[in-house]
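Labels A, B and C are assigned to the chains in the order they are written; within every chain, residues are numbered from 1.
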Amino acid sequence: MGSLVVFLVAFPLLAGGLLLGVRNGNLRNVIVVLAGLVVAGASIATAVTFGNGNAVFFDLPNGLTLGRSLLVVEIVIAAFVVAVGIHYRRILAPILVLGQLAISLYLELGGKTPELEPGRLFWFDRLSMVMILIIGIVGTLICVHSLGYMRGFHRSSPMIKGRRTVFFALLFVFLGAMFGLVTSNYLPLMQVFWEITTLCSFLLIGYTRTKETIGYAFDALNMNMLGGLGFSIAILMLSGQPDGLDLARLTAGPATAALLPALALLCLAGLTKAAQMPFSRWLLGAMYAPSPTSALLHSSTMVKAGVFLLLRLSPAIAGSNLGTLVAFTGMLTFLFVSLVGVTEQNTKKVLAYSTIGSLGLIVGCAGLGSPELIWVGMMIIIFHAVAKGLLFLVVGTIENRFYTKDMENFDALLSRLPKVSVLALIGISGMFIAPFGVVVAKWTAIRAFLDVPGWQGAALLVIMAFGSSLTIFYWGKLLIKVLAMRPMTQHERSIERRVSRFEWLAEITLAVGVVAVAALIGVISERVVGPQALATFKGTSQAFLHVEPAMLVTMIVALLFLPTLALWASRQKRYDMADFYAAGRPVTSAGVMGAALGGVRTVTLRNYYLEGVVNGALVFRAGTVVCGVLLIALLTVGMLAR
Amino acid sequence: MNPVVYGVLFVFLAPVFGGLLAGVDRITSARMQSRVGPPLLQPFYDLGKLLQKDARQVNPIVEPLLLGHVGFMAATGAMLLGGTDLIFVAFVFALAALFLVLAAGSVNSPYSFAGAERELIVLLASEPFFILMLAAICKVSGESSYGGVLNSAVMVAPKLPGVLLAFAFVATIKLRKSPFDISTSHHAHQELVSGLTSDMSGRLLGYVEMAHWYESAILAAFVVLFFNWSVPLGLLAFAVTYGAEVLVDNSTSRAKWQLVLRSTWVVTLLLVGGNVLALFLIK
Amino acid sequence: MSFFSKSPWILHYDASSCNGCDIEVLACLTPLYDVERFGIVNTGNPKHADILLITGSVNERNIDIIENLYRQMPDPKVVVAVGACACSGGIFARAYNIQGGVDKVLPVDVYVPGCAARPESIIDGVVKGIGALEQKRKKSA
């Protein structure tokens, strides 16, 4: 078991290193696909080996020890960040990273690091297994997709210098670091992987090296490093406690007052990584990176690291003021970003807001902690990873074909890119029709909130009701755009043929994944997520595990309805269709109509963005302020808990 | 009796109920306007005619989407009476409404599209209410299915006065009454022509009518939930509410969508939020 | 059983009428005449309508419009020309832009004379139109 996990971590890192030396495009395609297959295969093998078992702990195989290796890596990271900071004249990141390094040096060289019980370096349980599968399968599909996508990306933006060797190397290093993160038990070990992912995201966001993206990349770097610094300080505080750096022991049950300050800082790290308010800005900036980056960061990996940590911390913070504050931070983030999402026209940003919102729900569940809520959190992680990953890839493909991110230009997708539309519909339906965003997880969350006592329960219910309705609005708008139909010229119909086979492969596989996960929800619930939830919080009621057949049938039907419809409709060759009503004016199918006095007008249709009722920018700022205040309260409560 | 039987009965009987209700509505409105009005069964005649008429289709997906709309609406009611979890039913209800939006939105006509967008806004306005209403009913009665609530010893309405009041407010939206009928109208030449249904004809329009009848029946079923100790009282309460709606419809003109959204959310937040808060605090 | 006689929906269009006949048509909807008793509804939308009530003598610009409206109406459908102008152009028949009656553009089923046509005549005309509607349905059935 241990060797498999170490292989999972080491192999992508090595593959990434190898890719740095490969300049030939075709050779790169081969290596990426092969390496991807190996990674995916290894993930599945690890999951199968683990099977239905209980949590396992292990060290590095063959008697290897960490030694000073962690410190070495940290020094390299710090040097890089300082160099980059100097080059771009940004001071904050170097300060933060040097702060982290200073703490590590103090602990390592001052001999303050406590002894970890042997055999507890890594921790593998069902949650790790779920994360491994997501990273391994969705992650590699994104890498494969990028092979096709990046070709189109560079063709449409010739002024951007291609550095694809670095890009693909980074993708694999990213995957390796994520594998390490979700299997670490020793906090300093996890922190190193944490920082590697921060660094990778910085490099990926800044890929195009335009002034804009450099700014966004540094936003991400600063915010995540702030969390990382919190992580370091937490380690410093915990190093004085027995078993303080053993994550499993730390979170076995409700935390003592002495541990709360450190836990508060760990929560901070989780919140920054999960782009919760007030830190949401970096994730929105990441939308300016190439789509695979967005997909990787937002659906299958990096932000999931944040909620992963919070789910791990859940048993320790649930029931305390700290936990409640964390929960409200998450739920209010959900509410605020859903409101902003309604006013947004850029499709990738809408997807980003949706992601932050879904993560907010998971954070809410983690903060409150109960078997049902852990169940909800894990279900959202699984389904969101697959469906949102698919959507980002699809939007990337559409972008490349239409050269636009504006939702208003996505219309009549069903006519222009029929097959891609079917995949988009699976993704969107997956996000909010079938057992995903709206139905099972939110429904279970509402049931769980009903049991939360006092005003907190009422507040959470109200937040959930409003937030959930807002998501229906923007998904509805997107769906309308996709489903509009118009007869197309031959040229317009031929655009779809230029989508590369890598893109098709990745997107179709993910679409199949969405349907499979929906169909298997019963199995997933009873064999994987349920037992994990019950192991995390000792609960007696098993009722929530079981998904009623009537509900399952409804959900599958709902999920498959729109894509099937789209598939059928796109095949209708000729249809004797009536004109649409345009006040009696003669109108062509393209919407050109004869207007009054011999004039000519074109019909243009535009979605509502609730201007005049909701000011998107204002709401975003309000959310940042409100959650900022909550965060300060969170840290204060944590610090004063002694 | 097995709740599933009720569910099946709903599928067949709800349209009859809805149609008769629509007939009563038209007669009452006519009398309020000093007219005589059509015969009671007029809505059924209308439906019959629509089914016999040609359907001029503007694109191939409108019909399947409308079938989805009426299908899921029937399913919502069937699941509601059939004993499925109440909160799940709220989500299916929203899904059914969404299909109508998609059907109208897929047409490129400005009237149809604007109607679809406004219908989406109306869905946005009313959805928080329905989720909170059903959640509150579950909390108060301690049950999660329709039959369970009806059999519960707890009387729901006295504990949820705020929610009940808000229901009367929000029901105006679902019943397509002024001032909230911003997305479609049954009258001639309103500012969006026929809004949502502008480009639907023949049997397609028939599906929309049937779905609306199912919706009325579902709303009646919701009111009965409040008066869970006496079904006849519940139906009476629904009749009174409906009568009030008709009166409001005939005395007000259409509001702008901004007002619809704001007012509904404020009412939901204050009346329902307040009621729910009280529920959680007074235990 | 045919429902058309029980639920005929009309679309009313003013093709350059002086509005006299239009006011009479709208008067039919008022409590005094109340055509809703017969299930008649004035829809504003050709796709919902069975009977096209046209007033006014048709001018050049109207031709496209009424052809479009007629085409959008689903079958079976009838056209009722209301008022002297719609029947034959009325007193405007010789004007340079007037076509001279609806039947120069569309197939008319019922002519309702009068200037302005009385509500009683209009209702009578619509009833005859319903009869024509039934006949068309039987033919196509």
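Quick note on the criterion: contacts are C-beta pairs under 8 Å (C-beta built on N, C-alpha and C of every residue); 3 or more make two chains touch, one makes a residue touch a chain.
Since this is a predicted model, take the numbers as computed values, not measurements.
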Chain at maximum distance from chain C, centres defined as averaged CA atoms: A
More contacts between chains, A-B or B-C: A-B
Distance from the mean Cα position of chain C to that of chain A, given in whole angstrom: 61
Where chain A and chain B are represented by their mean Cα positions, the distance between them in whole Å: 36
Of all residues in chain C, the ones touching two or more other chains: 45, 47, 72
Two or more partner chains touched - positions in chain B: 56, 193, 198-199
Multi-chain contact residues (two or more partners), chain A: 578-579, 581
Residues of chain B touching chain A in the complex: 56-61, 64-65, 68, 72, 75, 79, 82, 84-85, 87-88, 91-92, 94-95, 98, 101-102, 105-114, 116-118, 120-121, 123-124, 127-129, 131-132, 135, 138-139, 144, 193, 198-199, 257-258, 261-262, 265, 269, 272-273, 276-277, 279-281, 283
Chain C contact footprint on chain B (complex, rising order): 26, 30, 33-39, 42, 45-46, 48-49, 52-56, 186-190, 193-194, 197-202, 205
Chain C - residues contacting chain A, complex: 13, 45-47, 64-66, 68-69, 71-72
Chain C residues touching chain B - in the complex, by the definition given at the top: 1-4, 6-8, 12, 30-31, 34, 36-39, 41-45, 47-48, 50, 72-76, 137
Contact set on chain A toward chain C in their complex: 578-579, 581, 584-586, 594
